[in-house]
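First subunit A sits with subunit B, and in the next complex the same chain sits with subunit C.
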Partner chain A sequence: MATTIRTVSLLPAFPILTQLLFLLPIAAGLFGVLLPALGYLPDLGGNQFHFEIFSQLLEHPALPHAVWLTLFSGIIATILSLSLAVLLAAMLSRESLTGNKKNKKTSLFAIIRRGLIPLIAVPHAAMALGLAFLVAPSGWIVRWLSFLFMGWETPPEWVTVQDPFGLSLIFGLVLKETPYLLLMILAALQQIRAQEYIRIGQSLGYGNSLSWLKLVLPQVYPLIRLPVFAVLAFSLSVVDVALILGPTTPPTLSVLILRWIDDPDLSFRFLASAGAVLLLLLTLGSLIFWRFSEWLIFQKCRNWLSNGKRGNVNEVHNLAALSGSLLLGTAFLSLLGLAFWSLSLRWPYPLVLPQRWTSRNWERHWSSLQETAFTTLEVGVITGIIALFLVVGCLENEQWRSVRFSLRSQWMLYLPLLIPQATFLLGIQILAVRMEMDGTFLLLVWSHLLFVLPYIFLTLADPWRNLDARFPKIGQCLGASPLRILFHIKLPLLLKPLLVAAAIGFAVSVAQYLPTLFAGGGRFATLTTEAVSYAAGADRRVIGVYGFLQALFPWIALLLALAIPRWRFRNRAALL
Partner chain B sequence: MNNIFNFNSATESGAMSKTLNFFIITIFFLLLGSFSVYGNSWEDISKKAKGQTVYWNAWGGSEEINAYISWVGSRVKEDHGVTLKHVKLASTADAVSRVLAEKAAGRSSNGSVDLIWINGENFAKMKENGLLFGPFTENLPNFKLVDFSGKPTTLIDFHMPVEGYEAPWGMAKFNFVFDSARVSETPKSIPELLQWSKRHPGRFTYPHVTDFLGSTFLMQALIELTENPEVLNSSVKSKAAFSKVTAPLWNYLNQLHPLLWRSGKSFPASSSVQQQMLNDSELDIALSFNPSDTSAAIANGSLPESARTFVLKKGTIGNTHFVAIPFNSGSSEGAIVVANFLMSPEAQMQKQNPDIWGDSTVLSIAKLSAQDQQKFKALPLGVATLPPEKLGPTQSNPHPDWKNQLDAEWQRRYGQ
Partner chain C sequence: MLKLENISLKIDGNPLFSRLNLEVNAGQVTTVMGPSGCGKSSLLAHLCGTLPSVFQTSGKIILHDRTLDNLPPHERKLGILFQDDLLFPHLSVGENLAFALPAKIRHQERRDKIEQALEEIELSGMYERDPASLSGGQRARVALMRTLLAQPEALLLDEPFSKLDQELRGRFRKQVFAHAVKNRLPTLLVTHDPADAKAAGGDILSL
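Then we have the complex of A and B:
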């Protein structure tokens, strides 16, 4: 009993420690954005607070269109990703329900799931570049069309990549966000025992899809709300994908901000900061709008949910099969195209395969690879472990002390995901230099933690909170200490979400470019810093090499996260 | 001490140093400098440099350039015991940001950037904001070999006097790239480019003005189209003057844009992307800022064998790119040693070879030893590179004021 009290009394330290770790850099980051936006940055001659920069921003000719484009592409991409993920999840749970492996469409969904989930590991930029090559007017699809039917000598004048409405940008985002949301939904389904609900629905005469929509979805959605918010915020502020696939005249707001930061005229940093504040407001506004729409839709659908009308919506099945295959096919071809590029010396239009093959692109980078790969692994693993430790501590604190991690502190956790990185990090950098910490491994891990921890929290919180409380209760009744309950009951039961969260955290760490550059002071080269600097050269051959390598580690991590529980629970089918 | 610290270049450039401020800053640096490495001879500098690690922040988008930089690293390690680390950047602004953050935080020593690949506006802004260390080039053994008279942009970078705050590294000159398999006649002037585009709509474009090559195209067109290009050498006098001088340019662009790739409604994000579009046959004519670039690109497979280059009859804009040392570098001696090595005949020769990089030398060949002269002459020119006598006259960049206002006006007219 004494040990129980001692352990439990230590638990409040976790949320406090986590908040402290976040408070300092976030405050520094926010000040680093807000002060220059209000005209204060003494090193560039800004000594007074004023609102002129905001009026300058609002008068900027490119702004209205950029704002419209940002909101349009971000919100539409989120709606599409969510709808597709829901659709696919519905089909998948139906598959596992019927358990009929010989059914053709059923196995198609299994393939879609197996193929889509690992895409989470593929870096956004690599996917975007692969997609750009696939759909460009001189791209792979056109080359095949030309080769098979049309015989175009020069590429057709189609407007595909970088189209003015940002449709290719939306497509690129959907390609990456659907797998993430699908994984989140599948994890959530396990918590609410969806299959039993569907069985009940069926026994009451509802069709498969309808019982999913009416019974399961209303329960699943609250569990995935935060991941959806993260996707929305990410889609609104994404830079790399928008640079590759988005329009240029004007670009999205985030790209506009990046241009101002990159402007040799340092006074543009004031404008960039004001732009970042605006982007933050837009993001918050969109989140509120989204939340309100949710509520509205729920109000409107309430009657429909409980009207008792039976039936089935079979068209949905075909739609899901079609869109799922399209998504997977596009992603697969995008990556295959990049893989071919990495093995090519020359691949001119209109050839459908490289003219000259080579292993040179790979050989060249092999020697420098060991060091960068090791740094990437080291930072990712250490950050992941620290983040898991803190998140599990916070969640345990919640449960043992029956206090919910307050809404305010949760928002703080997600702030790093909501604020545009480039300006946010400038403030952090100044703080780091003052603390004489820049360029140290510790700061590097800390800066990654800001982005890794929220994702791990996002992935792990709901499975943890929804674990059947009776299990730990039984443990307690049998006299087990909190630590024993944690290690012998909770962790094994939650092994899968735990490992998936760790893998996602690791993938997030691997993908960090700006934090690595800013906090690492250029002292640490990771696969991503190499990849992004090579992406500036737009050479698909090198990008192919680094895109593959960048995806490889997270992919292995994710495979392990999915395979270990399978092996561990090979004799416990209900846990799978 | 004072014989080493030679500051005559500042007095030569009276035009730029009108304001008292400027003198205060230079005197400040003079004082600062006299307490640091300037008291030391080249021997002292190289002695101090031994064992230092130099973090060189340089654009890392090209495998060829990266390979060259790592070769430099192995050579300075061998000769001077300096460890060179290439911090690969996607944008020079990232390094400028870092130095700025360090200044804001009050760190005046042991900064994280030791050497930075820079020119033009980034240099001007860093120099103006006191973010650079120097002057440091005056006493470097290899600095004397630079071709100051033939290549005046080694001393004046975008109308900003260099004054020893950056060491010249390579030469650039605006030129056009085309695919000779598809293009038989090439335009010889900016107006002819419009005529050509009328005959081949959709087959030419220029990078977005946020890329330096895009804004260089604007300036190139302006120099040729405006009545009196002389005015471009000083700052913009008034709004009215700007509209008057640039009116022919906007008139030209209004005619040109509908004939561009995607009717001028979208522009390639960078010069690298534009080169790829030429390779993908989406364009017939593209732009480049390095006359040997095309040969190098053919050699590494990123442009077709049939790619060639051309320049304009009246000449094209040329400039120099440099390396500079931030004010708070903790390894400034090591950085100086690297900068000196970069200007050595050995390093410049290696760099000019199109099979390695193909970046023109800043040195005066006449100042070199007979043996080095021979070696330079023996360098391959590259299949698509024009020989020096066919490269045409070199025009200087307009005053940066023009560039900024041109970019802004372009954004207002076409960027939304």
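Then we have the complex of A and C:
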């Protein structure tokens, strides 16, 4: 633009402020965890730098198994989630291509998609709690089996939840990560002209699925690499799901770190810090390993891409239908189970439905529920508003000054999602204690912002950039200032994506466990921290109450985000 | 009077046109013609100040006594009509017009002005209507009135007739030119349709 405008000249401050808000806590967190890992923490008498804590860590009897478990569950969960998401996306684009509504199997995928995508909003912990009841030896599946076929008087002596191999942990992660990756792939498909490539493939004699694999996937993958990395890093360092579904003796590394932090003997904090550094190294190592494998697979497959074999891969169709339905069914039953438990007075084994229903569980916990729900709402809404403000500022900066968001900035947005939470949050907590900032609301909101802002940005960026640029232009020619254009043209036109992004940001905030625990210094109880802490207890009714409400919160936000624009623009046909 | 002095437009160093000189007097319609891609729409965007920064420009734009080159788009007082009506879909017909009306006109006077404007374009009583429910001709008239209500000092027309059907086109063209004459607006029309240029009746310049 040839001219500078006063309000526009303030815009460059937004990306700079955002970068500072991001890099400062992450750098401080890494710093704060590295010092105690090297023995330096004056408050606890560590005045010298040395490597003894690391040798202590490596000699810890639980460590080798914990490391193995962490890598196994994290990598397998990522591979499974990615494969399932790719499979389902391939089937979905095949359906939109043929547009055959009569074929039952194809419409099944539309149902799977419609069911799976909203699962993104369900907090990990709620899903894990529901799943735990579903697959437990005395859980719903066994009860139905017993009721229908087996007639088991007592629960079978299987170990399903918290199994030593972390299989239920993997399942719980796959349940949450597949919908996320599926959404990312579907978004990426719109950026490349996928349907045209499939048509070309078909006209050259390749089947639909094979065209997808050979022509579309190689183009899509680079676009979803960062989300895949985020899934891998998350799976390696997840705490809440691992606490609920993961093995206990020994647990995964992140849970082990949490145990050391909670140890009454404060000197265990040194060990926890060293463990957190190790977790960071494991995550970075896994990301590099994954990138290298990508490259290797691509090299191996280059020939396969152009070997001219047309082949038939129709078997995958059934596999996709089966696994997609299985995922959707499991997720649905998990949440339904939570709802049932929250409303049951007595529900002993082997009954498939509660013996007596009651609202007593809700009434008994009402006052503490209100309090935790309010804290959850407060943090989520305030964080969401700050994040929206920053994101809109960054996007406006991009448009008015016609600078493109660089790849570097995109990596920075993903940084909090790539570095293990346990690592830098522990460091932040250690520094915050020193600065007497721990347990403050400011720190809590700031820590949530690190995870909320990236998702809000990623949701809002495309709709914002795709808004017909002629609307703001004609606004300018009608004499409207940039600020007036923002508030009277852009924000109203983008009301729906704006609210959806806010709802997703809110859902992310609701789901945060470790940030709430660490940055909140244990002083703020949200629905998630309460639900996870009750998970250790045996009362499934209380778990049901907290878990269900936790799952309900983001849903309400999402429903509002969809309903408000519909109501607001009920008389505006072009926007419905 | 709208005056262009030595206007040159380049993209990536390739000139679209150079050293364009033009004078349009009040109430006069000058037509710029040329095939698509010759830079005629970019010329109008440059006048408005909304040309993307990939273009390099030089020259001087003068409207009455003001030099526009260093003014932000919203202070230039140039009204523009595009091929599409670009009515804001989230506002009602009346609100679309009110968006253009200067803020210093307030309260009842504001509402009266809008009602009067609606009457002038034969849309009386349609303040609350959804623009999406109007016919193509009605929408075009709202777009024209919206541009005029911003009280521009010159009018730029970026092929605003090309998407209308034959019958509507002739009528709307007459309306636009009549308003230009009535408001004594120097008007610059960009088109590739010789019939438009003929109807404009002013100077014709080929790019």
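Operating definition for what follows: the second predicted complex is superposed on the first by the 390 of 576 C-alpha atoms of A that agree within 3 Å, B and C clash if a C-alpha of one lies under 4 Å from a C-alpha of the other, contacts with A are read in each partner's own complex, and residues count from 1 in each chain.
In this section, a residue touches a chain if its C-beta (ideal position, glycine included) is under 8 Å from a C-beta of that chain, and two chains touch if they have at least 3 such contacts.
Computed from a predicted structure; not experimentally measured.
When both complexes are overlaid on chain A, the residue A:E371 reaches neither subunit B nor subunit C.
Touch criterion met: A:F471 reaches subunit C, while subunit B stays clear of it.
Judged by the number of subunit A residues each one touches, B leads among subunit B and subunit C. Of the two partner chains placed by the overlay, neither subunit B nor subunit C lies in contact with A:E196.
Once the two complexes are overlaid on the shared chain, A:G522 sits against subunit B while remaining clear of subunit C.
By the document's definition of touching, of the two partners only subunit B reaches A:V159; subunit C does not.
Of the two partner chains placed by superposition, only subunit B is touched by A:T248; subunit C is not. By the touch criterion defined above, A:E52 reaches neither subunit B nor subunit C. Touching subunit B in their complex are the following residues of subunit A: 41-44, 61-62, 65, 136-138, 154-155, 157, 159, 162, 164, 243, 247-250, 259, 261-266, 344-346, 348-350, 356, 364, 426, 429-431, 433-434, 438-439, 517-518, 521-523, 525, 529-530, 532-542. Against subunit C, the residues of subunit A that register as touching in their complex are 1-5, 402, 468, 470-471, 473-482, 488-489, 492-493, 495, 569, 571-575.
Residues 45, 48-53, 57, 69-80, 82, 84, 86, 88-92, 99-100, 102, 128, 130-133, 146-147, 150 of subunit C are the ones that touch subunit A when the two sit in their complex.
The residues of subunit B lying in touch with subunit A in their complex are 55, 57, 59-63, 67, 85, 87-91, 93-98, 100-107, 112-113, 120-122, 124-125, 129, 182, 202-203, 208, 210, 262, 265-267, 269-270, 272-273, 275-277, 279-282, 301-302, 304, 404, 411-412, 414-416.
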